[in-house]
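After this come two complexes, each holding chain A, first together with chain B and then together with chain C.
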Partner chain A sequence: MPWEELTPSLFQGILMGSLFVLMAVGLTLTYAVSRVINFAHGELVTLGAYAAALAVNLSGLSLLPALVLGAAAGALAALTLDELIYKPLMARRASPLYLLVASIGASIILRHLIYLAADAGGWLNIKARVMVDLVGFVGYAAVTSLHLQVVPAALGLSLLLHLFLTRSRTGKAMRALAENPDLARASAIPVARLRRLAWLIAGAMAGLGGGFWAVYANIQPALGALLFLRLAAASILGGLTNVYATILGGYVVGLGENVGITLANAWAGVPLEFRTLITFAMVVLVLLFRPSGLGDLFTPGRSRRWI
Partner chain B sequence: MDLTPLVVSFVTFFGIYLILALSMNLEYGLTGLPNFGKVFFYSVGAYTSAFVVSRLMLALGGASLVPWSAEAAVFREELARSEPWLAIGLFLLCLVLAALVGAALGSLLSSPALRVQDVYLALILLVVAEIARVYVRATEGFIGGPHGLGGIPNPFRFIEGAGPRGLAYAGLVLALAAGAYVLVERITHSPFGRLMKAVRDDELAAQVLGKRTHWVKAQVMAVGSALAAVAGVLYAFFTEFVGTEDFDSQLTFTVLLMVILGGAGNHRGVVAGTLIMTAIDRFTRPSFLALLGLQLPVDINYARHALIGVLLVLLILYRPQGLAPEGRVRTAAREEVRHLGVSS
Partner chain C sequence: MRLRILALTLGLLLATVGAAWAQTTTYPIGVLIPLTGGGAAEGPFLRDAATMAVEEIHALLERVGSPVRFRLIIEDTGTSPEGGLVALESLAAAGVQIVIGPWSSGAASGLRAFANANQILVISPSSTSPALAIPDDFLYRLVTPDTLQGRAVAALLERDGFEQVLIFHRGDSYGAGMAQALKEAFEAAGNRAELLAYDPDQGDYAAEVNELARRLRQLGVEQTAVMLVAFQPDGLNILGHARLNPTLRQARWYGSKDAFSPTFFPPHAPLEIGAFMAQVQMKGFFPTPPANPVRATFEQKYRERYGQEPSPWALYMYDAAWLAALTTLVVGEYDGARARDAFPEVARLFLGASGHKLLDGNGDAAVGVYDAMVAREVDGTYAPVTFGQWESGTGTLQIFNP
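This part shows the complex of A and B:
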């Protein structure tokens, strides 16, 4: 096995995995708290990417405030989606399938509004003008400043989320809400407020992931739609309900699409174009045979862990 | 101003979309099976046509060309012009083959429904469609990979002039769509149709009554997917080109919107929904607006898609039953009672 291919793919996999973690945790969080598979989650990523890229390119903001702006854009859009579409639907006791169809509609709307705006502004294919510096080499793999920003951001925010969910009163209430909404309401947990908070967190993380993506590669209005099935894969590996398993799932997807395809290519001659097929195959298998995903690893003996 | 191309494209696409929407109605509307991989079964028909026609015509014509090359496409068009019966025969062969392949794949892919709930089935079928698209796109030896495959000659290639040829084909597509309508109506009002609704409304109750509900789902998916594959064949022979770009999941959701707009479970409503959506689809093309001399400040393609999303969300929010709610079941006995003048 040639090292010169494996180490770069490992570092690329870690970078992609971290980006997938940032983007997918929110999808899991919103599903757990409101039982909506939010197809428009990809568009939250796109919005964050555009907000950050435009902030850098047009108003010359530095990276950190631009990323905060991206996160804010994602959070705001997520909250709007829930308030305008999902909450009213759930008040009418819409079936999960109706919620899914509505979220697909929401994703189509957002994506093409972004298209219209980007077309008008001439931003159909842009990149945040941020210098990515080469920091050094590990073996044959180049380590860039992007690695040093994205990986700590993903891991740090995951840790923060963990502390929030396990140590704070609000976080514990959120877990209670995810586990049993009726019981949570009966226990005087402020369900509506927690739900808003969950959507804000989810949107902010997606927007932040998008902001980093605008530094990593060119962005276009279909960015989120193209990424959605892959970031949803991380969430599905997390059983759609378990944040910890989603974090693991993000790295499984990132490494599978990079280290996995490199190995498959070297040993079995699998074309590199098939990299996403590894992810999609995992999605189908998990949905079919282990709907609780990797969540079982964290709570042995229990059927499903919520958040 | 010659309106023939416009009429041809409108009627042909209406027929193709109608077959797709009716098949979706059979699955989603009547049986409660969210086949979000609809575009996959549609692509199966198109890929089957491209594969079979490209190989067979070269073999029969005795030409050793690369099937997806431009020379081969020209060769096929020429052959179809000089040999009308060959072109028509190949078209019919593709219809039958695609229906069979579609039915087999449809019943096979209904098997996840044995294990998982409707939302998960929807996700699985959506991912399957994406897997197929990525696979076909990356495999050049199948239908030319990323470049696609042209020169799938229209069965009416022998008719000189694009206008009359297009009209003849549009008529054929419309006739097949009418056939599909009769078929789904017959299925819906048969005892099997009532069984489908039972599976949708209360699967457990149907099972308690001894109905093999997974077998019902497999049969519905087989019929629905065969219809979708037939629509794919009609599309391939209309555009005379097949590439993976045409089989984006966006089409699945457009078809789903036709069903929800018209009224899930009501075939007549779905015809209306399809007519409205085809009109929106065809009359908001830049080429059509250019014909009228209209110049819009925004890209109409994006606006059209945004409108599709808005309609989908508004319908689910405010009128999930669509334009025409599902009617009651018609049975022979009920009809007889009605004719006797007794209110049932």
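This part shows the complex of A and C:
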């Protein structure tokens, strides 16, 4: 296959990977800090997407404040979920299975509340009225203004998160909490405050990712549910606990789905309908042969790294 | 004493209300619509149309002193076979034997066997998959199947000088049915059609669009038409990516009927997608109901009440609700099996907002006129404009506004 034929998939994979990074990192962060696999994480993306899209379409806000609003909506919803559902359940010593079922329930309730609001407002299928401009072509790939916004945002925020976790006192305390909650509590680390902060960061990044998605494509109430399995795949590739590996996982999923299906279709005639199968094949292989995910790559010699 | 008078008055009032209640017979009509999934944008139009029809029926029944009333029970199909089946099971559990909907062929394919087994009359306003054109079942469809639309598009492609078409379609009952219908009709005339299916349950179709562009380059951009068979969410996403694709920007595009529903155009869709559809002059057909007084009255009432134009499918749903009620009244009791037997004759004599409803041997609308449509800029926005007509009876394509 000539290289030009692969360029659209490559650029699309990088864009998707960046969006998945923004959306999936929070899933890993909340699991690492609070041990909750939050199935409602996809709905945080949807809320952020709707907040940003409606801010642009109804209030005429420009993109940047609309994205901030999307992030704020995601953060607020994430904190509410934890405070109203997960924290009280954990206080009653609910088992991980109960927490999982509660998060599935929260996801369904949130999604249907979004449906109700979207139906009433006539927003069942909308897009932020922000024109995505063509910047140029590389091979057959179109490079758009969105590439120039999303990719730096994902990489920049990943770097900021890294600096926060490794250089700041609060970030180091958060890592300690993720590594050993009991020891953190005994060491007078403000567990409740750090947990709130983790959920706020997770929701904000998911909301920001959703805001970018509303510029990228049409949004609908089921957006988060449709994306969730991919976000979970990125997080599983990160061993569910490692932020850096999740960042890598986001790009692996983005590129795997796009470049992978192009190559599989061109060389073996694999139908396009099997695109998501590539992601889940990767997940199954990781779970079978490297259950701790790609995290080992960042911490050779240690079985698992938390955050 | 005053307390006794009050109690007596209340008692009399309750007795009167109770007697009136006892005299009224209320029959449930199940309404299967897509409020989620690929058809979600159509759901509210369909719900509103059914509601308007039942209100009109009630006004008429009240005027003539009939004790019969109808109650709509709305269920979401999720635009999927599984969703359709679950929704019909819920309706059946509530004792429903007469159903209007579902909107999509996917949902219809999922519930058809259950409807047959439980003798539930199902009147779909819009399912068109040729795979569901089956005689002697409990599914009736008020629109002609896609075998006809396939012939119409094939005729248009030939008229436009194409000998090759790349059909990019939903990988579901509707999409595969429409794609196959077009392929057969187009290849019967010695042309070549290639199919490229996509999974309709994705949030994004960028990878699929890139593959479409690659296949188009292989076949030759100049000599190959692109036919899109999509619903609104997937269709808008695909067109959003295509407008930025260097290959697909140069392609000649055609679309299946839903691409010419208002939900594909502003204000329901982004302006830039309307602009792209107009730029590539996207063409196709919609089984537009012929103008008649019933349609005009319905459209006017709908506009007054909801402040927007009804989707074309709302006309068919309005007729489905009227037909369900009329059939029940003709049968004289609530019985799905007897209603199913009476339905074709009631439909034959019916002229509704979506036209005459003569059914063929498979229980589908027998005749249909397809408006040839093209996306154009109209008064500063973008809209489908009729430029011709394909008549199913004669198979002729007439262009009157090139």
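Structural remarks
One rule holds in what follows: the second predicted complex is superposed on the first by the 303 of 307 C-alpha atoms of A that agree within 3 Å, B and C clash if a C-alpha of one lies under 4 Å from a C-alpha of the other, contacts with A are read in each partner's own complex, and residues count from 1 in each chain.
Everything that follows uses one rule, which is that a contact is a pair of C-beta atoms (placed from the backbone, for glycine too) under 8 Å apart; a residue touches a chain by one contact, two chains touch by 3 or more.
What you are looking at is a predicted structure, and each value in this text was computed from that prediction instead of being measured.
Chain B and chain C, once both complexes are superposed via chain A, clash. By the touch criterion defined above, A:Pro96 reaches chain B but does not reach chain C.
Of the two partner chains placed around the shared chain by superposition, chain B and chain C are both touched by A:Thr276. Of the two partner chains, neither chain B nor chain C is touched by A:Thr246.
Touch criterion met: A:Arg129 reaches chain C, while chain B stays clear of it.
In the superposition on chain A, A:Ser292 contacts neither chain B nor chain C. Contacts of A:Asp119 after superposition: both chain B and chain C are touched.
Once chain A of one complex is fitted onto chain A of the other, the partner contacts of A:Ser158 are absent, as it touches neither chain B nor chain C.
Of the two partner chains placed by the overlay, only chain C lies in contact with A:Asn258; chain B stays clear of it. Once chain A of one complex is fitted onto chain A of the other, the partner contacts of A:Ala217 are limited to chain C, with no touch recorded for chain B. None of the stretches 3-11, 219-227 or 327-335 of chain B clash with chain C in the superposition except 3-11. Residues 115, 119, 271, 273, 276 of chain A contact both chain B in one complex and chain C in the other.
Residue ranges on chain C touching chain A, taken from their complex, read 35-37, 40-41, 43-44, 171, 196-199, 201-204, 206-208, 210-211, 213-214, 217, 232-233, 236-237, 240-241, 244-247, 263, 268, 270-272.
Listing the residues of chain A that touch chain B in their complex gives 37, 85, 88-89, 94, 96-98, 100-102, 104-113, 115-116, 119-120, 229, 232, 236, 271, 273-274, 276-277, 280-281, 283-284, 287-289, 291. Of all the residues in chain B, the ones that touch chain A in their complex are 34, 112, 115-120, 122-124, 126-128, 130-131, 134-135, 137-138, 250, 253, 256, 260, 298-299, 302-303, 305-306, 308-313, 316-317, 320.
On the chain A side of its complex with chain C, the touching residues are 5, 8-9, 12, 15-16, 115, 119, 122, 124-125, 127, 129, 131-132, 134, 137, 140, 142, 144, 216-218, 220-223, 226-227, 257-258, 261-262, 265-266, 271-273, 275-276.
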